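For reference, the structures are reproduced in the following blocks.
Shared between the two complexes below is chain A, which pairs with chain B and chain C, respectively.
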Partner chain A sequence: MSRRSESFRRSLGLAPLAWLAFAMYAVFLVYPLLYSVWQSFTNRSPLRLKPIFVGFDNYTEMFADDRFWMSLKLTLIVTVFVTVVSNVIGLLFAMLLNKNTANYRLMRTLVFIPQVLSGVIVGIIWNSMVTQNGLINVVIRNLGLGQGVGWVGTPELATMVVCIVVSWMTIAFCTVVYTASLQSVPAELYEAARVDGAGAISRFRNVTIPMIAPGVTISVTLCMITSLKLYDVLAVLTGGGPSNSTKSTAFYVIETAFSTNRFGYASAIAIFLLALTAVLSYITSGLLRRREAHL
Partner chain B sequence: MKRSRLISVAALALGSALALSACSTTAAGGDKTEAAGAKLSFMVFETPALTAKFWDDTIKSAAEKVGGVEVQKVLSTGDRTAYAKQLLASNQLPDLLASINTGQLADLLVPYDEAWLKENFLIPDATAVDGKVYLPPVNSQAIPFVFYNKALFAKAGITAPPKNWAEFMDAVAKLKAAGITPIELAGKEAAWAASYPLVGTITADIIGKDPKWVQKLKKGEAKLTDANVKAALQKNVDLVKAGAYDPQALSVDFATANTNFVTTQKSAMYPMGTWMTGAGYIPADVADQFGVFPWPTDDGSVVVPITVGGTTSVNAKSANVDKAVAFAKQWSTDPKTQGVLVETDGAFPMLKNVKFSEYNAKVSPLFTAAFELATSDKVTRVNAFGQVVNDDALPGGVGDALGAVAQGMFAGADIDAFAKQLDDAWQKGMKG
Partner chain C sequence: MTAIEDRPTTRAMLAQSSDAASRTAAREASNRVKRASRATLAWLATIVFVLPIYLAVSNTFKPRQEILDNPLGLPINPTLENLAKAWGRDDHLIQNGLLNSLLVTALTVVLIIPISSAVSFWISERTPKVKGVLLAIFALGLMIPPQVVLQPIIEILQVVHLDHSYPGLILQNVGGGLMSFAVFVYVGFLRTVPKEIIEAARVDGASEFRTWWAVVFPLVRPATATVGIFIGLWVWNDFLNPVYILGALQGQTITAGIYASLGTYSSDYGQLFGIMFLAALVPIVGYLATQREFIAGLMSGAAKG
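Here is the complex of A and B:
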């Protein structure tokens, strides 16, 4: 038996597994996605049997919908804030915790806890801190600093609280990514830089940053995606209020679909959000990868 | 080689079976094994009064009386109707649904037969949608009544509950001057409680004068940008401006609001549903510290915003419709079950053939006061705006808009913008 036919037979044996993976991908991802795209061109409602094709009406309505733009603005504000803050603080934490002793390993585990909590749990935890009689206001009152603050009572404060809470979650993820990246940097490079007279800042700029560049790409891109699709934390923490000010685009999709029964319109917004996420992720990861090559 | 291919093919078959089962259109609870009894899924919700034990006990009792059914609970999230739609979207609509807005989901439900309704209920068509009843009209609530703290009223020099809007605003001013938060508001609950003062005003001022007003909205003969709506919005803005609410009211959730009003007694008035008269909210031993009055009108006429409801709607596509209907009827007409709702949830019973004493419910003086007010011959009873599940149910999304507008009043006072926001939500909801 020739080597080529042996290889062919071996690959044929594994083919069903590949087909299985492909079938599951098609059923659970491609089909729902295509279905949503089709749905976005209809007026489908869960309460109507036969949807009617409406062409681009849903997309036209979306671009003229103040609520949609309001939700997109909030989404982008949260995305920019969370991506920047999480990565900066995550890198800082990673550098502080980049020691391989039991204490540091324990601290890294503690830092990672917010990432493994579900968004609902995070929402409940923070809700108990920011309500009128929550932990933060109780501390403020006990310190004699006043009656406390309505932390989610104004659009500005509520947006700030959302940004902080989501960052709290994603900082944990960034810390882990950067810790792994830092631990893969050969100690010899730092040693060589030190011998060449490089100070701490110079070593950070010329050794650390270039060596963790792949980690930056992963961390920034994933933080961005996490923020763009934000829903669960908002639903529990603020309920989208006050006055719709903390309803993200994903939140608006859910509300449109299940409160106003407009699956078609909700699908159009969801497809737009998907496209936006894909484009932003592609651009960001492309730019960061190009930067990796330069470094 | 052969074995690996076999394993691969088996894995493919298993994966395909799983995938197909995931795409199945069988409703939740659709796996019915008659030998073991019909399996029914029942979407329920928990509140401080309607606890897990309440549901377990009442479901067990009804299931035993019907026989041959096994009922599994599906716990709903906050917005029951929206959650039902989520389950519907994934072909998992339960066989039975508790207290959903049947005005929005009527096409999916089984109508109850008229003879049974007439035989068992005081107002058989109270929850009718296009002439059909999908939710047994078992009991009712007033949403909102204004509950007040007698001691705080006395402290502020208020000798009697306000009888009209002018007296109400005067009471707000006196309470404010006495350093008491005049009105408690669970302002963080955008989907419902935040809008209760607005619901009260619209119901009392507009529907009280024109009970067909919501129907006129639906026919396009009235709009949410009309002068009467703007006047109601203005009254609510005036309340905010008068300092009627705690400045942090939008950070107050329902549990905190209850604590502020009932336990720590920081606030003097609380516009809320009459479930507050149940032992699940205001315990009987402190209930006499509180009183109740209707949301005030300009001329002092008394308008009672009523919502009639029940618990059990039946999914028309249930694989066991007959059993589900039998269970729903049993659950709805069991005086013991309804007695618990009266005692803990302050429900006003509406079963036809059951005397109040037969519910065996221990009620507080506050319940009695609210019940007498709601059932008095001297009041005008109308559908509570946005709270009913009959023909006057609002299109989806309008309730959310009411909450958003109510919250928006803490940051601005643009009445035209608020009215437009409501009207936009109405137009969108009508497309759904």
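Here is the complex of A and C:
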């Protein structure tokens, strides 16, 4: 038997399984992606029999579309707020809770819970608090402090509420990552720094930060990607209102594709969102990785 | 000479040690204060943070009027009425939803684990160049917002008549971005598996399939735990795909089902909390049961991601 056919015989079984994986990935990820790119240059819609190639028309329309800019503004505000706030608070939380007694372990377990809840459940929990007749306003009325506030009644307040709610989920995630990172720092490093006369701030800057740098990279990148594709929390929490002020770009894609049935235009916005996600995560992870290597 | 010198030294030592003792006592007292204030601060922060969860849970067990009179307190007249109402709905939202979710989640996990671990083993045995290209292609799936591919996927499923069906939903779960995650976890873990073990199996004349199934697959069990836990959680919590791929007529997973029932019960917080409590129970219990693996998995993903 030649070596070639021998290796062919040996790889029987595993290779077909690998090809099955490639085939499924091609059908359900690569092809839909290419299809979406192609579609973004057409005026496809389920109502139209033959789509026409329209070149960059969808993209030009997108850049002139106020609804698109509004959604992008919201998406970027939420992304920056969530990424910064949840990483800072997550790290502080992790440092505060980083002790190995039963008491602290219980606190950690509680704090980690929001990250296993679905966006829909998080949306409902907070929605029940912030609506006009929600629990927060009920408390305000019961205390005789007035009629309460329409927390999601104005675009500005609603945007703020969205930022806080999304951060609530990602803070839990960041706290888990930072807790595990902190626990991987050898205690001798802190001892050595203390012997060298380093104060608390100096120890934080010169020992903690460099040692948890990989945790920073993953937390920042993940918070960013999560915020950029934000949809389900918004659908439940505010329904995108008031007056479309809390519709993210991902939300707008879904609405354009399934409510107004403009597949071509929806694809153009979706491809823009993908490009934005790719560029932003490439830049941040590049910057953060370089920092890791430096230290 | 020694005797003369000894005496003052001893006295000095004695004085010093009593001094040290009182200093130690003082330090201990201040440490205790520090410890207590840190614990207080930590509990305060934790309580504020989990207040929304407390509100949802405690109000699940209150009668309707009590929710409005006393939303913050513990239930004064604890009741299971809200849970009973949620469970006893005419449309069997909870029972059907839980069953559908269980089916979709279990089948997705059971299919994705062997397929993705086999392809990962196959990839990790290629030359570095081929491996790099393949991993770059799989990296796409980690980043793509699901909104980009959802509508094309529905059209593909229509072609093979699997639209609005559970097999369609499960197949696209297995082949989509989740597979990318699984491949990265497995390939990362395979780097830590000593080559000698695999070579030994080959020398014994085992086929590649057998090497993977009998040697590699048991070795990568921690990676399998990570893949199973996280993909299980994400599929269970998924909202977008079930809503649009299954559509309204085919029944719903629990996550999508709650959303569908939202409009009608927005004023009845009791029942809404009841539904939510029953829906959130499974992921929370699952998380508590696998907490150690959960965190280890997150960090292994973090180290490689």
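Note that the second predicted complex is superposed on the first by the 273 of 295 C-alpha atoms of A that agree within 3 Å, B and C clash if a C-alpha of one lies under 4 Å from a C-alpha of the other, contacts with A are read in each partner's own complex, and residues count from 1 in each chain.
Going forward, contacts are C-beta pairs under 8 Å (C-beta built on N, C-alpha and C of every residue); 3 or more make two chains touch, one makes a residue touch a chain.
Keep in mind it's a predicted model, so treat the numbers as computed, not measured.
Visitor: After the superposition on A, what does A:S202 contact: first (chain B), second (chain C), both or neither?
Guide: In the superposed model, A:S202 contacts neither chain B nor chain C.
Visitor: If you stack the two complexes on chain A, which partner ends up touching A:L20: first (chain B), second (chain C), both, or neither?
Guide: After superposition on chain A, A:L20 lies in contact with both partners, chain B and chain C.
Visitor: What is the contact status of A:F28 with respect to chain B (first) and chain C (second): first, second, both, or neither?
Guide: After superposition on chain A, A:F28 lies in contact with both partners, chain B and chain C.
Visitor: Considering only touches as defined above, state whether A:G119 meets chain B (first), chain C (second), both or neither.
Guide: Second partner only.
Visitor: Touch check for A:T60: first (chain B), second (chain C), both, or neither?
Guide: neither
Visitor: Mind working out whether A:F263 is in touch with chain B, chain C, both or neither, as first, second, both or neither?
Guide: After superposing on A, A:F263 lies in contact with both chain B and chain C.
Visitor: Touching A:G148 in the superposition: chain B (first), chain C (second), both, neither?
Guide: The answer is first: A:G148 touches chain B but not chain C.
Visitor: Check the contacts made with chain A and report whether chain B or chain C touches more of its residues.
Guide: C
Visitor: Is there a shared patch on chain A that both chain B and chain C touch, and which residues make it up?
Guide: On chain A, the residues that contact chain B in one structure and chain C in the other are 9-10, 12-15, 17, 20, 24, 27-28, 131, 133, 257-258, 263.
Visitor: Provide the residue numbers of chain B that touch chain A in the complex, in ascending order.
Guide: Its residues touching chain A are 1, 4-5, 8-9, 11-12, 15-16, 19, 22-23, 79, 82-83, 85-86, 88-89, 104-105, 107-108, 187-191, 194, 246-253, 256, 259-260, 395-397, 399-400, 403-405, 407-408, 410-411, 424, 428-429, 431-432.
Visitor: Can you list the residues on chain C that touch chain A in the complex?
Guide: Its residues touching chain A are 38-39, 41-43, 45-46, 49-50, 52-53, 55-56, 59, 67-72, 114-116, 118-119, 121-123, 137-138, 140-141, 143-153, 155-156, 171-172, 174-177, 179-180, 183, 207-212, 233, 236-240, 244, 255-256, 258-259, 262, 266-267, 269, 272-273, 276, 279-280, 283-284, 286-288, 291, 295, 298-299, 301-303, 305.
Visitor: Please output the residues of chain A touching chain B within their complex, sorted ascending.
Guide: Per the touch definition, chain A meets chain B at residues 9-10, 12-17, 19-20, 23-24, 27-28, 43, 45-47, 66, 127, 130-133, 137, 147-155, 238-244, 255-263, 265.
Visitor: Would you pull the chain A residues touching chain C in the complex into a rising list?
Guide: Going through chain A, the ones touching chain C are 9-15, 17-18, 20-22, 24-25, 27-33, 35-36, 39, 93, 96-97, 103-104, 107, 109-114, 116-121, 124-126, 128-129, 131, 133, 135, 138-139, 142, 168, 171, 176-177, 179-181, 184, 214-215, 217-218, 221-222, 225, 228-229, 231-232, 235-236, 250, 253-254, 257-258, 263, 266-267, 270-271, 273-274, 277-278, 281.
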